[in-house]
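Each of the two complexes below includes chain A, the first together with chain B, the second together with chain C.
And then the complex of A and B:
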């Protein structure tokens, strides 16, 4: 379980997150929605200790996120796989080396055969062919790079997956593929996911719960069905999009 | 040039092909396209189809050997370096990740192209930059650095930098990627206002189908579907949305089953 209790965070005297409290239990797939700049990414970064709260506490399982305890923080980061909004791949090494980087760095697997098998398994999960393994990240399109970064996160088999805008810049088929992947991971493997997103269609299709942030606080926390019929203006604006109807 | 040309035509692409070094096949494959100065054209298609590569070819970032790109009648591939540079001043591009200079402030990011590419005086450059900042609603953020402003503001600054040279053709690479639906609306309004004001040829590559279809429906902008480097269909939103081509159908409906599988898209 991830537990966030009375989390507050400001930057330059600007309050970003104010008194945020919620818990995510095993097997949930929570979508966190909100306008750009509302603090969604900051919230994710707090969970893995990349940003530290001004006040309030966060625990992942039994471990408290605490910068003073680097070994525990390292364990939290191993348990929580974070997928960044932009792929953040290492440009100077191949796709293969990118995917197995965490495995090697953490010494989780040492046998070359096992490492290669794990890399190929995760690559298949994100819907990429093995052709890309020897390529450099810069030779790939943005959407493909993004999927490589997801494979890299999956490689260390984290208990929790934290996605920052996973479908940004991805085409509709890749988006459908990723949604199905998140759903499979949640349903079949019991992975717990927190997904920061603007993509309302994905949230409604995949999420088991939606949290909507506005002005630093939680203005909605409930099931996708409840979100659809919510009277909150922002919830309605999110569902409107550009409103194309054929 | 032996090219029958209408004077409103700002862009013509003829049989353009482009292959990356060491790639097994072409990324752009005998692609043809034309755009008038008052046109908006949406480019959609799977990830890896060649959308960004095409924009970079049109913007002169990549060079090509096969086919030709005409900017207001001038063939980019056959011009001397100095003439090419002159012609490319009429083309502006915004990038997926904004492509701003991290070490320059908002205002300096706008002044840079003016200093490099125009003969304006310092005072004129400042006046023009401030006018454009007002247009994109960034007044007050002049002295901030890109990392100090939100993603939506960075996108607006990227657009401002493209507009500041008053180009004849603007290429937008996924201008709303990563933005919330409300901010996306503001960006689209900005693009359409800029287009309408000066009748700038506008080519928008986007992964947001809802955006492409709804704007196309409102403005009659054409949509081109790019797949494996080929424009496989160009039409109105209705023609694309109701296309019988199985690839386009699968894509516009976001279906996992169909001729395209995610692994083929790499």
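And then the complex of A and C:
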């Protein structure tokens, strides 16, 4: 379970997140919606301790996110994978080395055969062929880079998955495949996921719960069915495609 | 206050350097990556450094010749121009050049990695960007800047000799005069300066890139501030070292230090 309690964060006196509180229990797939710049990425980075809150607490499982305790933070980061909004692949090494980076850094698998098998397994999950393994990230299209980035996060098999706009910049077929993947991970493997997205269709189809952010706070938190019939203006705008600035 | 923020930058850079020194002592440096980076940043700057060295040597020979002519002291040209170049102008000018070429490249590359979350990705995957990305670059820039400065300085001597011939000073006389004025200490001083300037360029560029934030605008700011900080620190260090060497000269009475 991920628990966020009264989280506040500002940058240069500009309040981004104000008093955000919610919990995500095991097996949930929560979609977080909100206009660009509302602080969705900042929220996800807070959960893995890449951005530190001004006040409030976050716990992942039983562990509190605390920058003063590097060992615990490292454990949280191992259990809780984050797929960044940018692909954030390392430019200087091949796709293969990118995907197995976490396995090697954490010493999770030591045999080369096992590492190669794991890399190929995750590559298949994101719908890519093994041809890309020897290529450099800059040779790939943006959508492909993003899928490699997802494979890299999946490679260490985290219990919690945080996706930051996973389908932005992908074609409709890849989007459908990825939605299916997120659903499978949640339903079959019991992974808990938080997905930041602009894609209302995916949210309604895949999410078990939707949270809507506006002006630093939560304005809606409920089931997709409730979201559809919500009277909140922003919720309606999202469904009609108004007021949506990607 | 700009001066306050400059001081806090310097403080931050000292801590940053200390972290890197500790990591190096713990033998965390991946030397094959250092070699890769030396090729990336160092070898590619060789041509430029050699060209600049030739011109710096030539300019100094020309300028000093103009001054010496008034006193009919052209015989001292070789020693004086080589000494001034080695001790001061050469290291400073070549370091400026490298701070543009190597420093801008490194700070832009690291800044882009930071603002596109590449460094965060490394943190999440359980590695340290300081160890994996920064340390090899710091050493590569220190080593290649140092070597380039030494090469550049040797080339300035040739530049002087060639240009002396052009302006009608016998090159044999020019060369024979060099050891009269250029002492071992001049050479030691220029080697120390080269090393420190290389270290400044490395630390400033890596620090500025590593601390970039806020998208492509942030990278622009980081590169700009890297360039300015490099120039200021190189000038200040040059001044302090020149002061120190002249004090030592007074204390030990050993001629030119």
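Note that the second predicted complex is superposed on the first by the 241 of 246 C-alpha atoms of A that agree within 3 Å, B and C clash if a C-alpha of one lies under 4 Å from a C-alpha of the other, contacts with A are read in each partner's own complex, and residues count from 1 in each chain.
By definition in this document, a contact is a pair of C-beta atoms (placed from the backbone, for glycine too) under 8 Å apart; a residue touches a chain by one contact, two chains touch by 3 or more.
From a predicted model like this one, the values you see are computed outputs, not experimental measurements.
Counted by residues of chain A touched, the larger count belongs to B, out of chain B and chain C. In the superposed model, A:152 lies in contact with chain C only, and not with chain B. When the two complexes are overlaid on their common chain A, residue A:45 makes contact with chain C while staying clear of chain B. Once chain A of one complex is fitted onto chain A of the other, the partner contacts of A:200 are limited to chain B, with no touch recorded for chain C.
Looking at the shared chain after the overlay, A:238 reaches chain B, while chain C stays out of its contact range. Looking at the shared chain after the overlay, A:86 reaches both chain B and chain C. With both structures placed on the common chain, the touch criterion links A:69 to neither chain B nor chain C.
Contact with chain B, but none with chain C, is seen for A:168 once the two complexes are overlaid on the shared chain. In the superposed pair of complexes, A:15 makes contact with neither chain B nor chain C.
Once both structures are placed on chain A, chain A residues 85-86 are touched by chain B and, in the other complex, by chain C. Residues of chain A touching chain C in their complex: 45, 48, 50, 74, 77-78, 81-82, 84-86, 88-91, 101-102, 105-106, 149, 152, 156. The touching residues of chain C, counted against chain A in their complex, run 113, 116-118, 120-127.
By the touch rule above, chain B contacts chain A in their complex via residues 20, 23, 45-49, 52, 96-97, 150-152, 174, 177-185, 188, 207-211, 213-215, 217, 237-238, 241-242, 250-256, 258, 260-266. Across the interface of their complex, chain B is touched by residues 34-37, 85-86, 126-129, 131-132, 139-144, 147, 165, 168-177, 180, 198, 200, 237-238, 240-244, 246 of chain A.
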